[in-house]
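Please go over the structures that come below.
You will see subunit A twice below: alongside subunit B first, and alongside subunit C after that.
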Partner chain A sequence: MQFDPFIIPFNIGLYFILGYVVLRSLRWFMELSRPDKLRLQRGFFGRAFGQSLREIFMESLLHRSIFKANFRLGYMHMSLAFGWFLLIFFGTIEADIFGEKHLNAPYKAIFFKFFNPEHGRSGFEAAYSFLMDLILAFILTGLLLAIVKRFFSPVVGMKKTTKHTATDRIALTALWLIFPSRLIAESLTSGAYGTGSFLTGSLGNVLADFLPAGRMAYPFWWLYSIALGTFFIMLPVTRYMHIPTELFLIFMRNSGIRTGDRQGTYSEVETFSCSSCGICIDACQLNFAAGVTDIQGAYLLKNLRNGADTSRIAANCLMCGRCDSKCPVGIELSPIRMIRRRSGDAQWSYRNLYNGYLRNRQSLPQVKKELKPSFGFLRKDDPDQADVVYFAGCMTHLTPSISRAMINILEASGLSYSFLDKGGGVCCGRPLMLAGKDHEAREVINHNSGLIWKSGAKILVTSCPICFKVFRESYHLDAEVLHHSQFIKRLVDTGKIKMNFLRKKVVYHSPCDLGRGSGIYSEPKELLAHISRLEPGSFEDDNSLCCGGSLANAVIGSKGRKKIASDMAGKLTAMHPDILATACPLCKKTISNATGVRVADIAELAAEALVRKTVPGFVQAQSVSSDAPDAVSGVNSANPGNLSRVCPVN
Partner chain B sequence: MNRFGFSLSKGRQINYDTNDRSAAEYVIAGEPSLLACIECGGCASTCTSGNFTSFSLRQLNILLKRGENDSLRDELRKCMLCGKCTLVCPRGVNTRNVILLAMEAFNKSQDYAV
Partner chain C sequence: MIMAGSVIVIGAGSAGMEVSGVLARSGVSVTLIEKTANTGGHVKNWHHLFPDHRDGADVVSYMGVRAGHKLVNILTGTEIRELSRKGGKFHATTEGGSELTGDAVVVATGFDLFDCSRKEEYGYGIYDNVHTSAELEEMFRAGRLTTASGKEPEKIGFVHCVGSRDEKVGNLYCSKLCCVTAVKQAIEVRKKLPRSKVFCFYMDMRMGGASYEELYREAQEEWGISFIRGKVSEAGEMIDHRIQVKVEDTLVGRPLKLELDMLFLMAGMEMSEAGARISRIAGLKTGENRFLLASDNHYGSNRGNVEGIFYAGSCTAPMNITETISHARAAATEVIDYLNGINLK
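Entry: the complex of A and B
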């Protein structure tokens, strides 16, 4: 039996973390809701299992997603994760083959060199030592990158790196010490016995020349063991908990479990799966355009892990979803933020170290208490009956050129339609939801649902992506919900209306709630390509920017909005398009305040391109009524003259 | 007295010494842009709720600054937070945050629980 007291810190740490992870996983599993438990069971014995194993290899070890986003950062993460895995894997085999017996305790593999200093002199043994040295060198290059990144983040192509707490720093120091101390300990032992390969052997020989290598190795083996033990014990209260948790997350996600709208196991597992890699920080427009540097997803999750108050962080977000689409772990940051918004400024009740390890989940704040109704003043009018119901939305009422264009298109299509909120309708409810006021939002939703059901609509068309998202997700309607870009595209495809070609260079800005929020990317672009010269932009689809006008953020104020709008407008108009097209009235309004280029909604462009039909009862209007809100904003948005050609005579 | 068609009306003077301006102070601390408000009424004229009922953000701002919290707390809940007022404000007041902060202020103090 080979034993030495220095292995004790390592053994304590290792068995602690193994036990802890098992207990924690069991607890998470117990706290899942019953349907989610069944999902997980089905996933575990089904196809999701293989998929998860593959994902664990590709993501948790190779870090493919980070590689895609940023090569150097990906290399850093991969060399540490995959390298460490290889070191443990081949180390175990080494101990098994060359050790005194088969099936050793884990410490035999980790401290193999200490117990078998004569190993690796020649033949196959030397080749194996070479492999082990190669893996260690691979890890050390990644570690070097990590250390340089901490002090100078542009090295790995990151503008910012995450800030740390004191606990994080202790764990980080322990992690940084692990591999250099292993290198020095192995080198000194190798130097004393004249073994070791290209890395430990050469370094050992150099050190042994002027140092008493045999005696000096022992303290470094102690240091190596202590660093490992400290790291394992600190793991549950730091971001490094992501190492075991991410495996659990991958299984849960592949089994079909999602965040939902309540605090639960899945959102907690997500919270602990964040490695604070900082990709969300670089993606965030509040960071690079408005200089708000402490509210990004990584910080939200870090504060949740530490049990700190997150109400301020949760409120200060545009909910554009850029971080969601970029997160290499696939954490649903926006739903987690919404959960925090719903629970208001309720504090998490654990801040001491004991609760850091075993938190009392029962004390988490639930959804705020429900309040009495507040919108009793809404009238229950009977709407007009029609097949197609057009709901302009609040923001479209501020940009009436869009609703006018839509009415022109609807008239030209010859369909029976009604304009549901002609006289200024009720809000769709999403702004209330975004402020965490679901109960109030439900009142508004019920009111609008009643109107839409009564109208007998088969298709509900809306001009506002904010309304569109909530109609699709939170309303229970019989009607098909379409955004106007989809609707116009369909009219064109079915030949109900015909389009001319506008000889204009157009760049399309995909609104957040329509694109990332609802997955509608292709229809607006196809429609624009049909009627104009659509240029590909550098911020397409998932990577599209937010205009900054988002209702989700009530905190940043007009100056912050202006900064974001100017930044994104500058990027989108870099190729000098004639028109910056968008599909959202709020985007249109926000961007047109920040650029001199004409900003137009897709419906306006479609109405411009509309082939004029001679419809009885319609004559050419002579003058264009002034676009009042655009006049207020001080931007002359070159209102197209031919837009009112098919306006009905009032 | 009523038989003569007269009644005693409640006093309408605003007593700044006794009014509780803590809610206003809380809101202004969180959203200093409220001080830029010129009470033009643009917000009230574009208001979605104001289209249906006598709800005016301009009035709310005045009540808030005066500390007339009793009239304010029920009025606040008529807001649908649609954000049109923020977009039309000529002074760049972040009106949506003003309302959210005022709601928060009333939620925080037990005396004025909404």
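Entry: the complex of A and C
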């Protein structure tokens, strides 16, 4: 029996963390809602299991997503995670093959060199030692990067790195000590016995030349064991809890569980799966354009883990969703933030006990609801009957060029339509929802739903992506909900309207709620490419920027918004387009005040390109510029494939 | 006293013309540069001036006489591309490529009127019957004040503070003149169209000038103009091309919808683009309001951060004509002191 007292710290740490993780995950499972439990069970015996294993390998070990975002940062995470995994994996095999017996306790593999100092002299043994040294060297290069990053983040291509708490620093020191202490301990032992490969062997020989290597190795084996034990014991209360937690997250996600709009196990698992890599911080425009550096996703989750107040952080966000689309772990940061914004409605919350080793649910005193706001004064006129109902929305009423363009297009289409909020309507409800006031939002949603139902509309068209998102997600309508960019595209595809070609260079800005928020990227771009010279921008699709005008942030003032708008307008107009096109009245208003370049909504451009039939057979081009537009048939050239749709109403 | 020395004055509006005239009469030779084809700046577009409704042309002809000195060389249609200081002399290169030198420079680039189409909710440039205060002056000059369809308007609205005191367009400051301009124009509309009804939508009435308050009182008592305290939130065009405004009357505490035949927007003042260009090429500091930053709020309003470059008029802050002329004269005395080697910090 090989034993030495120095292994005790390691053993305590290891068995503690194993037990802890088992208990914690059992508790998480118990707290899952019943449907989610069923999902998880189905996932366990279904395809989700294999998918998860693959994803765990690709993401938790290789860190493919971080690699895609940032090569050096990816290498740093990979060398530490995958390297450590390899060290344990091959170390266990090494102990099994070359140790005193098969099926050893874990410490035999971790401290193999200590118990088998003579190992590795020749042949297969030497080759295996070479492999183990190679893995250790691999980890050490990543560690070096991590240390450099902590003090000088641009080296790994990061503008900012996350700020740490005291507990984080202790755990970080322990983590940093693990591999250097192993290197020195193994080297000294190898030096004393004349074993070891290119790394530990060479370093050992050098050290043994002027040091009593045999006697000096022992304290370093203690240090190695203490560093490991400390790290394991600190793990549950630091960001390193993401190492075990991310495995659950991947498995739960693949089983079809989502954050939703209530706090629960999944949001809790997400909260603990954040490694604070800082990618969300670099992606955040509040950080790089407005200098707000303490509210990003990583900080929100850190404060949630620490049981700190998050109301200020939760409120100060544009909800543009850039961080969601870039998070390498796939944490749904915006839904978690929305849960915090609604927290006044929550019935319970988590409370940290024993310095955070235990988290208990505690009931929250229910705040007595104020009297419900009454919208009884709203007029309940019956709307006009029509196939297509146009809802401009309040922001579009502030940009009348957009609603006017839409009316021109609707008139030209020959469809029966009505302008639902012509004389000013009721808010769609989304600003209230973004403020966490779902109950109040429901009242206006009910009011608008009634109007839309009564109109008998088959299609509801809106000009505002903010309205569009809430109509799609929170209304239960019979009508198909379309953003005007989709609707105009469909009118063109079905030949209801024809377009001229505007000889203008256009860059398209994808609005947050339309693009990342609703996944509508291609229709606006295809329509623009059909009527103008659409140039590809550097901030396309899910990398598009927020204009800064977002209704979701009631904390930053107009100065902050202006900074964001100027920054993004500068980036989008870097290629000197004639027109900066967008598909949102709020974006249009915000960007117009930040650039000298013409900013226009896609509906305005479509109305300018519209071929008007004043006299049958005579095509009159409505020219807004000195260039003569090309009279081209709008239908066949761009998208012949879409002609299968016959009528936009059916 | 006859002085040697030469000065480049940028901008031939009221400030530039006045500073040039004063300097020339002191014996300084002046090169007065104007980017447009004519001198006279904004004043020449103004039909009548507050507070006494005098003809704007009077002031323009006065300034023409003042600046018409043999030592003043006026270059219209000229813009500065580069401005640098070498060996105590300023060297300016025009867009045309000609070189100018001077011992000192006076920046008198004035202001630009706020582009009202940036407040799209008021429908300027979209609706036929929405115009700016400057366009109303043109209508007065042309003697024709009708709606787009040629009818005599019955109800007319004035929106104060368009582009001023408005965080959303990035202008926190008060342009100072729009209140009194609205009062003046409202009276003129009532004089011209006695049957009309006129409404002014204001946030605060800032009547801090000689005879302004009296004019405001006259507008209410003699001309029956309605002043409604509230910011117009949006304007919509009705089927007959009249304008419907939504506004909250904050004194009564109720939202209002009013239908008007014409709506006039009191455009605020912004740092001129020409001034912003000069500030970039000469490294002149600007304030948060984007106007040129004075070296001292109390006694340095004609100086900035570059020695030898002086400021005159509304390139430093919104000013009326009276203030602009006084500020220009003060700039001239600063320049003369500077040319005499008297260094006042």
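The rule is short, and it goes like this: the second predicted complex is superposed on the first by the 591 of 650 C-alpha atoms of A that agree within 3 Å, B and C clash if a C-alpha of one lies under 4 Å from a C-alpha of the other, contacts with A are read in each partner's own complex, and residues count from 1 in each chain.
Here is the rule we go by: a contact is a pair of C-beta atoms (placed from the backbone, for glycine too) under 8 Å apart; a residue touches a chain by one contact, two chains touch by 3 or more.
Since the model is a prediction, treat every value here as computed from it, not as a measurement.
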**Request:** Pick one for A:397: touches subunit B only (first), subunit C only (second), both, or neither.
**Result:** both
**Message:** A:589 in the overlay: touching subunit B, subunit C, both, or neither? Say first, second, both or neither.
**Reply:** both
**Prompt:** Between subunit B (first) and subunit C (second), which, if any, makes contact with A:377: first, second, both or neither?
**Reply:** first
**Message:** Touch test for A:494: subunit B only (first), subunit C only (second), both, or neither?
**Reply:** neither
**More subunit A residues in contact [subunit B versus subunit C]** = B
**Message:** Per the contact definition in the header, classify A:432: touching subunit B only (first), subunit C only (second), both, or neither.
**Reply:** first
**Prompt:** Which partner does A:557 contact after superposing on A: first (subunit B), second (subunit C), both, neither?
**Reply:** both
**Contacts of A:122 with subunit B and subunit C, given as first, second, both or neither** = neither
**Complete:** Interface residues of subunit A shared by subunit B and subunit C, listed 397-398, 423-424, 557-558, 589
**Complete:** So, in the complex, the side of subunit A touching subunit C is made of residues 397-401, 404, 423-424, 557-558, 562, 588-589, 592-593
**Complete:** subunit A partner, complex, touching residues on subunit B are 31, 33, 46, 48-49, 51-53, 77-78, 80-84, 86-90, 92-94, 96-97, 100, 104, 107, 114
**Fill in**
subunit A residues touching subunit B in their complex are 344-345, 371, 374-375, 377-379, 394-395, 397-398, 423-427, 429, 431-432, 434-435, 437, 440, 444, 549, 551, 554-559, 586, 589, 629, 632
**Request:** Under the touch definition given earlier, write down the residues of subunit C that touch subunit A in their complex.
**Result:** 118, 120-121, 123, 126-127, 167-170, 234-237, 246
